[in-house]
Structures are given as C-alpha cells and as structure tokens.
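When the chains are written out, they are named A, B, C and D in that same order, and each has its own residue count from 1.
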Amino acid sequence: MSHPALAYRPIFDDRETCLDRFRNVRAGTMRLIDGLAAEDMQIQTMPDVSPTKWHLAHVTWFFETFLAKPRLTGYQAFDPGFGYLFNSYYEQVGDKWHRPDRGLLSRPLLNRILDYRSHVEAAIEHLINSASDEEWLQIAPLLELGRQHEQQHQELLLTDIKHVLSLAPEPYAPFKGPLGEAPGAGESGYIAMSGGLVEIGASQADFVFDNELPRHKRWQEDFEIAARPVSNAEFLTFIEDGGYRDSRLWLSDGWAWVRENKISHPLYWRKTDAGWQEYTLHGLAPLQPGLPVCHVSAYEAAAFAEWQNARLPTETELELLARRHPAEGVLLGCGDRYHPGALTPGDGAQSVFGDVWEWSSSGYEPYPGYHPPDGAVGEYNGKFMSGQQVLRGGSCATGRNHIRATYRNFFPAHSRWQFSGIRLARRTRPASTLASA
Amino acid sequence: MSHPALAYRPIFDDRETCLDRFRNVRAGTMRLIDGLAAEDMQIQTMPDVSPTKWHLAHVTWFFETFLAKPRLTGYQAFDPGFGYLFNSYYEQVGDKWHRPDRGLLSRPLLNRILDYRSHVEAAIEHLINSASDEEWLQIAPLLELGRQHEQQHQELLLTDIKHVLSLAPEPYAPFKGPLGEAPGAGESGYIAMSGGLVEIGASQADFVFDNELPRHKRWQEDFEIAARPVSNAEFLTFIEDGGYRDSRLWLSDGWAWVRENKISHPLYWRKTDAGWQEYTLHGLAPLQPGLPVCHVSAYEAAAFAEWQNARLPTETELELLARRHPAEGVLLGCGDRYHPGALTPGDGAQSVFGDVWEWSSSGYEPYPGYHPPDGAVGEYNGKFMSGQQVLRGGSCATGRNHIRATYRNFFPAHSRWQFSGIRLARRTRPASTLASA
Amino acid sequence: MSHPALAYRPIFDDRETCLDRFRNVRAGTMRLIDGLAAEDMQIQTMPDVSPTKWHLAHVTWFFETFLAKPRLTGYQAFDPGFGYLFNSYYEQVGDKWHRPDRGLLSRPLLNRILDYRSHVEAAIEHLINSASDEEWLQIAPLLELGRQHEQQHQELLLTDIKHVLSLAPEPYAPFKGPLGEAPGAGESGYIAMSGGLVEIGASQADFVFDNELPRHKRWQEDFEIAARPVSNAEFLTFIEDGGYRDSRLWLSDGWAWVRENKISHPLYWRKTDAGWQEYTLHGLAPLQPGLPVCHVSAYEAAAFAEWQNARLPTETELELLARRHPAEGVLLGCGDRYHPGALTPGDGAQSVFGDVWEWSSSGYEPYPGYHPPDGAVGEYNGKFMSGQQVLRGGSCATGRNHIRATYRNFFPAHSRWQFSGIRLARRTRPASTLASA
Amino acid sequence: MSHPALAYRPIFDDRETCLDRFRNVRAGTMRLIDGLAAEDMQIQTMPDVSPTKWHLAHVTWFFETFLAKPRLTGYQAFDPGFGYLFNSYYEQVGDKWHRPDRGLLSRPLLNRILDYRSHVEAAIEHLINSASDEEWLQIAPLLELGRQHEQQHQELLLTDIKHVLSLAPEPYAPFKGPLGEAPGAGESGYIAMSGGLVEIGASQADFVFDNELPRHKRWQEDFEIAARPVSNAEFLTFIEDGGYRDSRLWLSDGWAWVRENKISHPLYWRKTDAGWQEYTLHGLAPLQPGLPVCHVSAYEAAAFAEWQNARLPTETELELLARRHPAEGVLLGCGDRYHPGALTPGDGAQSVFGDVWEWSSSGYEPYPGYHPPDGAVGEYNGKFMSGQQVLRGGSCATGRNHIRATYRNFFPAHSRWQFSGIRLARRTRPASTLASA
C-alpha cells in the first residue's frame, strides 16, 4: 500500500458529517503518538520506513496541496519549503526530498509540525464552512480522499514506528494494554467455494480507490479456502521441520532472499533462552500459539503453502470470500489492541477482515478497463502496478471504516514490516487435478 | 525465459526421428559459433549474460545429468567436476558455480568443452539405439526436453554474445549477410477481437512446458490489438517527443530505473554524428525506420503505450491473437537473418510469431491448477513465478519449431538484452470507457 | 582524531584541582548542547558522525568503565546494557553496537542519558574524595585521560552536529553570536626555518598521548613555511582557475574522489544566486574572504599546494613551527566563537594553534620506539596507524588547554567534516632544487 | 608498484647495447605466455588484475606513444583506437577505457595484439638505427624507461595470471618445473645494525625512477633486522595460535578487513583433507615449511610482527640492509623458477633481494625535495603518493637487472596478490625501551 487515488464517483454527505469525519481522522492520528517521544518520531530505520514526524506532516501536506492552496482564497502557506519536504512521490507536484534521507532532518522540529497540523486544520475547517454549494461539489471528494489517505498513513505510522522501536536494545511498548493469552486454535478447516462466471471490483456506490475499478467479470474454478489464517503454532512447525533450509519449497527469488538476508523466522520473532518471543506494540512477550503469524513476506507465505501442499489464494478468491462477510474484525479504532487477535477453534470463517493482511498470489495489475484519474492525484495507484503483490482484508492497523471486500493493498514480495499473514487455498479436488488437466 | 520443464505428456516419435532431431539441434548450436573466437566465447559482460562456452557445456550437462548418467549403464562421466561448473540453478542436483563468476573461468578451455560435447553426444546416440522399448518410454520425453532446452539456450547464446560483442570498441559482426533496408511501415491499424468466455493454455497434444498447462477458461472483454509491432520510426518519435524525460508516462519502478541508469534509448541504439545507428549481429548500421523496435524493457514498452494512449496487451489477448495464425515468421533456422525483419504497410496482422518477443502486461503466475513436475526437472518454470513479466510470440532468435501460441517466456521488467519489442492493445470503445465503468 | 591513550607518566595534581578539572570538562560538554533539541541530538547523517546523544553517553561510559567499575567499591552500574551501546571501538572491552547504526536508537532517550551522566559524575566525585593515597596514584592518570578524552569528544560533538544541522533545509544556527566580517588578509609570506638534527615528540613532563612518544631525533633540511593558513579568498581563486577540473594537480586517489563524489568546493560552501555562502555553526553567511578555508580534505589541500607550486608541510615541520609559539589561539573555551577567526595582513606567524587543523603530508605512523600501553586503554592510538594522515595545531573546536606542539591528530585523506585547513610549505631554494638534486 | 617515471639522468649506452636490451625485454615478455591459451589471457578476475592481453598491448602502447609517434617521422599508428584502449592512467594523454572493464573486451583478439607488438617493435628498431646523434640523446632515456616499464609489467603479468589461474576449478600450472622440497629453515636470528646520520635514496649514477630521488639524510636509531623473511612454518604457527582471531594483534583497518573478507590464511593457501596446500605457478603442492610466506597483506604482516613482539622495518632500515648486499637472488630471468626459493638454516642475511617483496611500515611519501618530471611521463609515481605502503627488495617475479637497493615498490595495505612477504625488525634494546623513553 502506498496511497489512495481519487475515486471516480466518491460519496459526499452533508458538510457537518464531513467535518466530523475530518476531525475524527485528525484526532485519531494524534492518539497514535501518545506514548512516543520526539526522538522516537525522528528516526528512519530503513528506506521503507518514514519517521513518524514525516507522516504527521505529509498527511497535512496532502490537505494543504490539494485543498487549501487551490481552493481556499487567500490561504497563506504555512511554510513554502514544506512542499519539497513532505511530498511523498507526486512527480507532477514538484521536486521532493530524497526518501531514504527523511530521517536525517531534525528540523523542522516536531513542535513546528504540530503547528503545521493546526494551521492546515483551521484552513480546511474554514473551507468546509465557507465554500459555495458549487465549490462543495469539488471539495467533498478531495476531502474524503484526504481522509482515506490519512487513514492509510495511520497504518504506516504504526508499522514504521514498530520497526523503529523493535531495534531498541530494550524493547519499548508504546501501548500499554496486555495482549492476553492465545493458547491455540486447533485444526483449520477449508471452506468450499463455488466458481463460475463471477464479478469482482467495486461498483462505485461508495468511496473506493481507482485501483478497485472497474467491476468486471472473471471466470473462476471451484476452490477451497482456509477458514482462518495460519497460526504461530503452525508456522513454528514449519520452522522446526526445516522449512527455511529446504530450497524446494521456495520461489527462486525467495530462496535468494532467504540466503542473502539469513532469514530464519518472521520479522519480530526472537529465539531466546526462554523460548520464542515476539515483539509487539504492546511489548516483548512469549510467542502465543493461537495468534495469526504475521510480519511474513510473500516468499515465506508461498513456501509455507508449498510445505502444506496448498497454495496462496488469488485476489479473486479472497474477494469472493470477503463478499460473504461484513467488514468487521480487529481493526484500528475498535479498541486498544494494536496486534492481531486470537484465533479460535471452529470451522467458521475467521479473520476475513482485520488482524492480518493476507498475501494473494496475484501480481498487482490494472483491472480490465482501468484508467487512472487525470492530474497529480492520478499518481496514486496506477504507477505502482509493477513488481508488487496484492494483499487483502486489512489488519489490526487498518482503520475500521477503511477496509472493504474490494480493497487492494500491495507490496513487493519481500516486504514484511506490515502486519502481513497467510491464508491458504487449494483446488476443490486436489487428488485428481493433474491427471485430468 | 530461463528454462523448460518436463511436459506432462510429451510426444515421442520413432527413434530415428528423435535421433535426427537430436543431431539437428546439436549441429544447430555449433553453427551459431562459426564466426566467434575462443576469446569471444569466454566473456561474461553482466550477471545475466553467460559465456558462450558455458552455454555449450551447460546444454550438454543437461543431457548427461538427466539421461546419460541415470539411464545408460556403464556411462563414464566425462569429468566429475563438470556438474559443479555447468549446473545452472537446479538446487536439488547439488552445489553450483556462482553465476556472476562464470566468465572468470578460462579453464576448462573451449577445446575441452567441445570434447565434452562429442563425448556426451556419442553416449546419447548409443542410449537411443540401445534402450529397450520399455526404457525408451522413459527416455523419449527427457530427450525431447533436452532438445527444447538446447533450443532455449541457442536463443540465450545469441543474445548473450550480442551483448559481449556490442561492447567491443569496434563493433564486430559475427554474421555476415547484410540486413537490407527497411524504409517504413506506414500507419499501424488495430484488429478488433471479440471476447467472451475463452480458453487459453496448452491442450497437451504436443510437447509443451509445464507452465503452459493446464488449459483453462478465462473471461475476456472485447478488445483491439495492433496489427504489427511498434517500429523504430514510431519509437524514435517517442524519444524526440521527450518520452524518456516525462515522469507521467512511466511506472514508478520504471522511472526510477530510467533515472538510475540514465536510460535514453533502446539498448543497442547509438546516437552518432551521422545520426542514429543500431548495433545488430550483422554489424552496426543506420537505424532502419521500418524494423520493429527491439531490446526495450517492459518499462519502456509501458511508457510508450501510455504515450500512445494505449496499453500493453495481457497474455490472454496475445494468445488469442496467436491462435489465429500459424507459428511462422522470422525465426532461428529459417535463413541467415539474426535480426527482426522489415514491417510492411497494410492492415493484416504481422509478426505474430518471430521477429521480436512482445511484452504483455501480465505478471508471470501459475495457471489455475498448475503444479510443477516432481524432482529436479520440476525446478524449471514454477520457481520463477515471482517478479517476472510474460512475453509472447518468439523472436528472430527463437527456434522455428520451438515457438507456439501457448508459449510463455518471462523476464524481469527491466530486462532488455533479449529481442523484446512492443505490440499495443486498447479497449474496443476507448472513448466511452470511463464514463460507463 | 579518534581517541587518546593513556600517557606513560601523566601529571597528577592535588585532588581538588583534579576535581575542578573534572567538573569543568563535564559542564563544558553540557554548554555545547544549549541550543539543541532532543531531535537534533538523535541523528547520524553519515557513518563518521555520531549522534550528540551518543557522545554524551560515550564519554560517561569511559569514566564508568575505566574508573567507577574497577576502582569504586560497591559501585552500581547505571544500566548493564550501556556497555554494549556506548563502547566505541575497544575490542577488548566486549561487543559493541554497530557504529553506522548509532542513529537508529531513540531509546535510551536523552533524559535517561542525562541521568546517566549525573549518576557517573556522582560516583567519580565520590571516588576522588574517598580513595586512599595509594589508590589515588592509580586513579589520577585515568581521570586525566578521561578528561582529555571528553575534550576530544567535545570537538567531535561540534563537528558532528554541524554536519547534522547543515543538512536541514533551512540552516539552523545553534550558536547565536555573529561571525563578523573578514575582508581579507593580503599576501601571505613564508617564514624561513633552519633544519639540522632536530628532535620532535613529547618529553613527558606533562600529560601527552602515547602517539606523541617518544621524543626522538630527525634530520630536517632547511625549509620555508607559510606565515598563515590559506584563506577563503585564495581558495576561491583556485576554484575559479579550474582547480577542481585539472587532473594534473591531484593525487590519483584524490582525483578519483573528486570525480566519484562530484566535489567542486569545500564541504560547507554553497553557490547561490547571491554568490558564495558558507554554513557555519553561527548560521549561513556570505563567504568571508579573510577567514581561513576549512572543511577541506587532504586531497584538496595537496591539489591547492600543487597549484601554488608549493607542498604540504611534514608533521616535523609543523611541530618545529609550533614549538616557537605558545599554545594559544581561537580555541574552544576562549569565547563564544565556534568558527575560525579572521586572518590579518602582516608577515608574522598566524594561527599556529587553533582556527583550523593543518593537514601535513605525513602518514600517521608510530614514532621510532613507540609502543602502546597495555590493556584496553592501549587500543587508543596505535591501532589507527594505517591509512590516515596527520593534522597539527588544533582548531576552533579544540579545547584551549588540550592542544600542544606535539599533538598528533589523524584522519583519512578524504575526511573533511573536521575544521581542517591548509598551511603551505616549500623548499628553501625552490628554483635550483631539481638541478642540484 | 604501478609504474616507473623517467629518471633525471638515465644512462644511455651505445645503440647496439640498447637495441639488444630492447629485444631482450620484448622476447622475455613473450616467454612468459608460453603455457597460456588465448582464453587465459582474456580474463580479469578482480579490478586490480589486468588481462595478460592488455599487458602485452599496454607496454607496446608505451613505446608507441612516447617514442614512435613523437620521434619517428612518417610513423603510421597501428590502430588509432588503441590509445584509448591501452592507456593505463595517463590523464594527460587522453581518455581511457574503464579499468575494471578490461576483461570485457574480446576484441581486439590476441593475434591482433601480437601483430601490434611486431609493428611497434619494427618501428622502434628503425628509430634506434635511423636517429641522428642529437635525436639519440632524447631517445635513449625514453627507450630505457620503456624497457624498465615493460619489466614492471612482466611482474604484474605473472601475478595477475596467477590470480586468474588460481580460480580455475582444477589448478593449472603454466610453468612445468617442479618446486622441490623445502623442509625448514631453523630459527631466524637478527642482525644488529648501527644507526646515526645516514643517507638513503639514489645518487643517480644509473637509471632510477623519480621516486628514489633525491638522495637525502635521515637520522636512524640503532636497530636489529631479521636475517631472513618469515617462513611458511612460522606463519602456520601464527595461524594455529589463533592469530587471525585475536583483535589485539591487528591494526583497526586490518581487523575490519579480516572480518569483512573472512580472511584466515595467505591468499593462495588452501586447507584440504590432506593438509595445507599452496597454489603456485608451478601447480598446487603441499605447503613447504621452509619457503618464505608470501601473498600476505601489510595487515597480516603487521599482525604477525605484533604476535612476535617485533615490528615491520621502515623503508630506511630495509634500504640500509640492502646496501650491504649485491642485487642478486631468486629473480625473474635467473632460471625457470616462478616462486620464492627455499630458506636455509644459518645466521647470515638471506633473501635481501628477490624471493618476496618485504612490507615496510612506511607510507609511500615523497622524499624531501622530490618533484616529478614534467609532462605525461611525470604521471608515473608521484600521483600515487597517498594511501599506499612501501615494499622493498623485489620478488621472484621482478626482473633480475631491475631491482636495486633504492627501489621503492608500493601497494595499498590490503593488497596481497603480489609476491609480498615479511621481514621483521626490532629495537636494539627492546627490554629497556619504554622505561627510558
């Protein structure tokens, strides 16, 4: 996931509702930094990570650039240099600060960025209240886009700061609530799904990103999909069975990645004298067997599937599953948990939304008939349609009203600092497959 | 394209036909090195390139490892160290020489590798003649696989040596025939194609690779596909229009690739005081407007398509086009031309097979129901199904009886030392697309 | 300069004087961070740079490791993990945090490091007061070493934070006093120096580092040495004369460094529409012609000398000059200036101490008879005697009672984030040199 | 060693003697490639190595560029492109082919380079015979410089091809004679040397390189120097004593080099099931205890010395030793041995010349009063006076009439593909040194 792009026909409700939503998303971001010091928010531990400070400013820059500056008469830019600093990748908007060097800037200080937030918030509120009805028709969809964009950066802020804090010699827990125990989830069953001529993609009744469009037909064979994500206990068995040392299980690029980076377990697992532990945003804790495995790459997901004689689902299959369920689960804003929740025994579908993103086997490609919107906001999704793999379903760090069945997240196959997990799939009649092909 | 994998139900004709085919492919390889010195065959100019010498030995190692050693009683390995040296990537077969260092080995000398070829050829011929009928049922498909494998390496040998010779301060032409003139191809039309519920993939009547299987249904919208590949003249216009400097045309990864590598034209084009020239295996010559543009990356192909308000075709679309045409064209073994042939004016489909591989927009993924064959030969195609993009149709360096409508070649999007070109596609009704989405 | 090593026979005065010195150096460090925010002190902008926070802790770790822990009965380590974090390079003392990653640690926070400072300071004061007279004989030299060590890190702290703040999009000045104008220094004369059988090195009456020992004889030809360091005005003429583009002026490694890093001016110079400017710890200001050029590498110094038909002095020559002068000048602790002072017209020697370190042409090698002290404190100077070049004379960031005529600083030839400048030398009779050689 | 530069007052004998010398050096080069195939001569296995082919052409280019072109009226350049290809580093002579890519050029083929040699040889012979007496005064010193230059490249050719052939999976021996046994050399004694006011450097009676000039005074303390180089047996004891794992023995840069490159033995040693072996130009053979250790870096030499409580000698000390001995030993051209010879028991000085270069502790710096000659030949030695360390005495690959007591070779401290070994030194009265310092 890098960013949303303007949907074609976004919803726009009355101004009061929109203003509430705007205030909520802004306040939600601030709640995430409660336990952090300015020094924590300063650091960039790898090129993929952005400092918390940068996220706070960038989402503000988005509102300033696409709403305040072009739409609010007499708006005074907070600082003319901020465009250069806080543009993420919009080539059409101008030059930008070199991404891997975001952590090298102590100035502007956090306090000045918080002032920037207030300055732009006041302008946006004024804009909402003062726009003519005609202007409002232009403003509302961009406002919603900015809100969705900030939700996406809330998730990145959490996964980025998790990476930063995980490197501290003594693990620091920014969130205080206990994780609880998750003793185990029993056997996982498969759910039989019927195929045929299906439709996926968004139908545009609501806000969606451009990459979810257009809704279109696909042919789908019958298939089976796991009732729940893979658990820590199951993944531990893979490790103990030598999964990370058996080249036959791995994609060629994955095997090269394992060897070059000496990978032998998920990103935040640690093997200690006291057994396996896992670093979470609630602190370092003994590995819980019944939690979903997370922070794995698509390579690890595919190798695990191969070891299970299964496969990763396509994004079509994940969307077909998701359409059957409400977009509810362990999501950001539903409580004080910043980690996936416990899996439970039983055959019913679990964790379809929330908890962990699920790697699909599908490359991130345009849907038939896709075309990005014009202008700079069109640089949102389409230009990343190369070299990335689709994930579905949202995680515990995804906003609770942000995820939906058609939502397409995407990352390179080696990425694993997001809350990414595994759901398996298989053919309906695996035994006779090859013979009858 | 890295390699073929054993097809599920390969053809096997009578022994005499198979022997002929074996001799033909081996002799065909030797014809390709006629104009080369031992020093030319020694060099590895980038990690992707293998020395000619290595290709000559590796294809021989394949026959030795999968046929002579396991199937021919009393076979004496030519040199026990060759397994280590000439294994390409088969992890199950044992350790292997580090790929980027293939050019650092002067020993074994070329002459010893030619002896190796003769030694293994004699063994294989003996095996063909002496096997029992029951054994022959096992041998025939592996023999065919080895032949197809050697054909693939003939293409790589040509594209690799082209890269080597292109770096020489004075361009050297290993092939002597003149290229001829190609003044231009006029306007290119589009061919309207009807969609619906279609089938792609191989049906297994003939030899195919595992990645072409199984034949399966897909839903396809109506579409239009260009009658011929993009010409040099058209690509030159893209350059002159600033195509390489306009970030809006490029995928994000593509734009980073352009800037990091300072790309400003196709791989073998050179801007001289006397105008644009192109290095070919027939020598350096003035750029011919009417030849297909080749040696472009998928990034360049996608940017060109964007500039044309078109798009790259999916592999389904390319296969649907290919099914309408015989697998004929400017291919290896059809004459003395080692470069794509001239495009001509006219509305009919051109260059469906041969000339240049055509980049699809499709990531290289398994077909529904795909499973690789067991054992080391199964390490052929499936393990590369990550981070690569499909090309279709074969090139002037592809064997004339090697290509077919279902054939899937694949390379990373930045690769361009293959004869890779561009065929455009577009929606049937582009004007009204977005409005009605 | 990396670090001091225990001198052989350090001075030790009465306890009260030592206590005063200890308190002074600790307070001096704290004064340097007055204008900095916690975020500034967090950042590492290149591997050579350490975060301010790290310096604050490391000098404290030195007192704790070599004094409090081994000498103070009942001392409780502040934090057992700090040894790992704040060891710089003492291999014998144990593992250490990877140097280029020092900036990736937000935890421990600055406040905790300030507590660490207080904790160790109390322990050291207690140690000074409570040691027996016999113990004091052991403690006093280590205390002095720790003080000198902290002085060295005061200089590094300043040059490191200068690098950090220089990258800020808007230059930040941690020190507020104005730099003043420095209009020019006129022509620089040379001072004639007589050679013969001379002695250099320290005689051990006072505290010295091991690398200044032993005092030893050298044969020195007569020579001439510039009365003052090279000015900005002179260096600007070198630039305008094409100095950075003329390979003949450069050492081979220097020329490669210029081209690879696209060097075209001293580190903190900036060419703007308003002319040349220089970033200083007092802010960005128009380049002052009469200030010494600083932040140049030994390569730049050597090329400048070649352009002047002169050469860099040897360290012997610089020491012979320095012995004639008191160790006074623009040094740290002499006022509120954190930048070299203005050169003035006149033939007398200027800036022998302070202002800028002067690159010698001498590699950093052991003096005849040198041997490092035993134990971990012996890992101080000797192990860096390879691949570095000697600088002499101290800079505006060197402690005012820290520098002396025999003091040897050392850095790799390409380094330039220290206050490093140029003093030229030449043979006494340059015109007839070669003919009579 | 990179290259010689024109001496100030070279000898020039009668034309016949010079012609003989010219022919001898040219024929000597050709003898070195007797056992090599064109493929061997093509390869560059690391940036420091040049292909044999390149050496053959480069030494010829030197004669063509500095003699044939400027001095022989009507001379026709063999190929105008060769200047670009075979210039090594003379910036003033024009652009040059990127050094690390020398091995990527198969063209021009070896045969063409051999023709180039013949072409230039004929021209030079004609020049020698046809020059006027006045012209001869200009030509003779350049001819001698070219000859010395070719001798230097003979040594590099041997050490480079040794590196190439060492990588072959089966070791290849280009030279056929057996090495013989070298059972051991007993204890090595030290020779006491008196210091005082000494002179080193060349006095210019004969041909010398510019870096040996001028002869100058130095003060030298009394010292002791080992009678012979360190043997394989002694170095093996260092290894077995954990020398490569004890950080205290190493310079800081050396320790980083050991760890980054996982160094655990000299370059061509191999630990096999049958014990230690050493690759030599005569083939792979069991390690001979009584041969000098060779192919060690200055870091390994310094660590070994530290382990022995000794030190490396300065270049002054090595020159003082060398002045006492004739320039004879196991040198190139004295027989068919391309490896150091056996050490023998006894107290007399051994291997002062030949066998192995001996690392000094001295950085490669200009002598007092040094100035390089004008023009392109002046780019010979002076520009490398940075970041390198001096070696003395010549090796088995150094021409027998090329070495002398004042000869200064130089390489970076980490280099070890030359025949570089170790001779120890120590203070005359080590026990009382520090106490009396």
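Rule of thumb we're sticking to: a contact is a pair of C-beta atoms (placed from the backbone, for glycine too) under 8 Å apart; a residue touches a chain by one contact, two chains touch by 3 or more.
Bear in mind that the values here come from a model prediction, so they are computed numbers and not experimental data.
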item: From chain B, the most remote chain by mean C-alpha position; value: C
item: Cα-centroid distance, chain C relative to chain D, in whole angstrom; value: 37
item: Approximate Å spacing (C-alpha centroids) for the pair chain B, chain D; value: 48
item: Rounded Å distance, chain A centre to chain D centre (Cα mean); value: 60
item: Where chain B touches two or more other chains, by residue; value: none
item: Pairs of chains satisfying the touch condition; value: A-B, A-C, B-D, C-D
item: Interfacial residue positions of chain D with respect to chain B in the complex; value: 37-40, 42-43, 45, 53, 81, 84-85, 97, 101, 103-107, 109-110, 164-165, 167-170, 172
item: Contact footprint of chain B on chain A as seen in their complex; value: 8, 89, 91-92, 197, 204, 213-219, 221, 247-248, 250-255, 298-299, 302, 311, 314, 361-363, 365-366, 368-369, 371, 379, 383-387, 413, 427, 433-434, 437
